[in-house]
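I have placed the structure first, in the form of structure tokens, so that the comments after it can refer back to it.
A, B, C and D are the chain letters, set down in written order, and residue numbers restart from 1 in every chain.
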Amino acid sequence: MNYSAPIDPVFEERVRTSFLRQGLINTLGGNITFLGPGELHLEAPFDERFTQQDGFLHAGIITTLMDSACGYAAYTLMPANSRVLTVEFKVNFLNPARGERFRAEGRVLKSGRTISVCEGKLYALENGQGSLAAMMQATMICLQKDS
Amino acid sequence: MNYSAPIDPVFEERVRTSFLRQGLINTLGGNITFLGPGELHLEAPFDERFTQQDGFLHAGIITTLMDSACGYAAYTLMPANSRVLTVEFKVNFLNPARGERFRAEGRVLKSGRTISVCEGKLYALENGQGSLAAMMQATMICLQKDS
Amino acid sequence: MNYSAPIDPVFEERVRTSFLRQGLINTLGGNITFLGPGELHLEAPFDERFTQQDGFLHAGIITTLMDSACGYAAYTLMPANSRVLTVEFKVNFLNPARGERFRAEGRVLKSGRTISVCEGKLYALENGQGSLAAMMQATMICLQKDS
Amino acid sequence: MNYSAPIDPVFEERVRTSFLRQGLINTLGGNITFLGPGELHLEAPFDERFTQQDGFLHAGIITTLMDSACGYAAYTLMPANSRVLTVEFKVNFLNPARGERFRAEGRVLKSGRTISVCEGKLYALENGQGSLAAMMQATMICLQKDS
């Protein structure tokens, strides 16, 4: 991957601060478990409040975790005075999200000045093993702080 | 739209029962506001627990509402002894989801024996006015109850 | 739909000129059949050179027609000194593209300064009747001519 | 990846036969360059007949190559008496497709009895080097030969 700009030296603090401002991620109990240039992982526990009709984690929450991982993965490579928004994403659900915990991994595939393209993966974790439950392909946009 | 099968005469009860089994929809305070063959609308209030970093409704919750509207719109046309799962969806976010309430509308574009294709729209409602905040294009699958 | 900018008074000529510069559209025999602010329709004939393994029009050509209709629908609303590129799209194939001719319709759902979101539909035309064969949801970007 | 069924021992011949029945792939001069269970690569040359308005390979042709690679990657794992159709796909365009040749790689992420999910990549090849130009996430369906 080629970066479109020099990496903001304090990207980590900037990402963590914005990440914690997400009401939903706090409600879900989400935590960052890996953070580097162009990549972010987060984990959240299973919770009955967030299930679909068969008792599995709802597709919308699976999507939330991947969207957050992808958006902040993109944000690691954006300049200091910027913010990140989701333009669009597409998700395929491969297997039921059956697990005690869930890990979303976001990776930047292309970081442009305006548009970044990311890939997200959602693993269901049970008995120390992870199985791929969903895949995301997402487009993020970099905005100036004032806009 | 052509239906792939005769419509289950008690589809409405079947849809409402399954809809209420979604832990997440109850957590969000979602209610069905329209239900007919191939179409379902639902509404949910704004809630700070479900926001993104700028204080708007999180993209994942916007997606949840549309996914639920689309999935159950498809389920209205499926046979009695079936269940519905999301194969995949794609969402574009058009405007910030700023509102007191949100209405998701799901409509079936094609109802096949196995695969249904749906369109979802998410409106942010404020001062009695609605503005289109997001669009979904989704693929649902019909499974036998035992599978 | 709200426009992001005053409409270029000579958008029609600008769109037609760029449209005809597409080698592929000329190869396919595509013609614009409707052109207005935020909307463009085009038609192309069936051709055995562009089929898939069962003898129907290939999904990639169906996609080409809708991509071109959507991209130029977005371009109608962009300023004079700009060009348009496809960021991404998603297509659902609803029915086999069986027909003598094909009509792609592109409509702008949201026209922003940088990003436009469009909806595309592909109709297979046979014996004077059209049937919906595919749906597109697409994201276009407006670039300055020099960039 | 877990396979849903024993692999058809003569999958290679079955895939190659169907692949060559695509009128469009022959028109584009596409050739299979790698074929294994769950994976297929193909290559095609640049051709001015298939360009967009700036002289690069048209997004629709980039999509055609990835769709074909993904569909036949999925088909390698389907049973003998089956056929494959594209349910839907989503494509992000990362970089202009500038090259002398193009290589599309399709890989199966999940192979189910009915639905398969695939990932496609498109590389532009120039002076012996390849650069990633586009990414696809696709859903394929397995049908019985008679259906």
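We adopt the following convention: contacts are C-beta pairs under 8 Å (C-beta built on N, C-alpha and C of every residue); 3 or more make two chains touch, one makes a residue touch a chain.
Given the structure is predicted, the values throughout are model-derived calculations rather than measurements.
Peer 1: How far, in degrees, do you have to turn chain C to put its CA atoms on top of chain D, rounded to the nearest 5?
Peer 2: Value: 180 degrees, nearest 5.
Peer 1: For the chain pairs B-D and A-B, which is connected through the larger number of C-beta pairs in contact?
Peer 2: Contact tally favours A-B.
Peer 1: Hey, how far is the Cα centre of chain A from the one of chain B, in Å?
Peer 2: So the centre of chain A lies 23 Å away from the centre of chain B.
Peer 1: Using CA atom averages as chain centres, what separation in Å is found between chain B and chain C?
Peer 2: A distance of 28 Å separates the two centres.
Peer 1: In angstrom, rounded to a whole number, how far apart do the mean CA points of chain B and chain D lie?
Peer 2: The answer is 32 Å.
Peer 1: Which residues does chain C have that touch at least 2 chains other than itself?
Peer 2: In chain C, residues 87-88, 90, 92, 117, 137, 139 touch at least two other chains, as defined above.
Peer 1: Touching chain D in the complex: which residues of chain C?
Peer 2: Touch residues, chain C against chain D: 18-19, 21-24, 26-27, 48-55, 58-61, 63-65, 67-68, 83, 85-93.
Peer 1: For chain A, which residues count as touching chain C in their complex?
Peer 2: 87-88, 90, 114-115, 117, 137, 139, 141
Peer 1: Mind pulling up the chain D residues that touch chain A in the complex?
Peer 2: Those residues of chain D that touch chain A are 90, 92, 94-95, 109-110, 117, 119, 132, 135, 137, 139.
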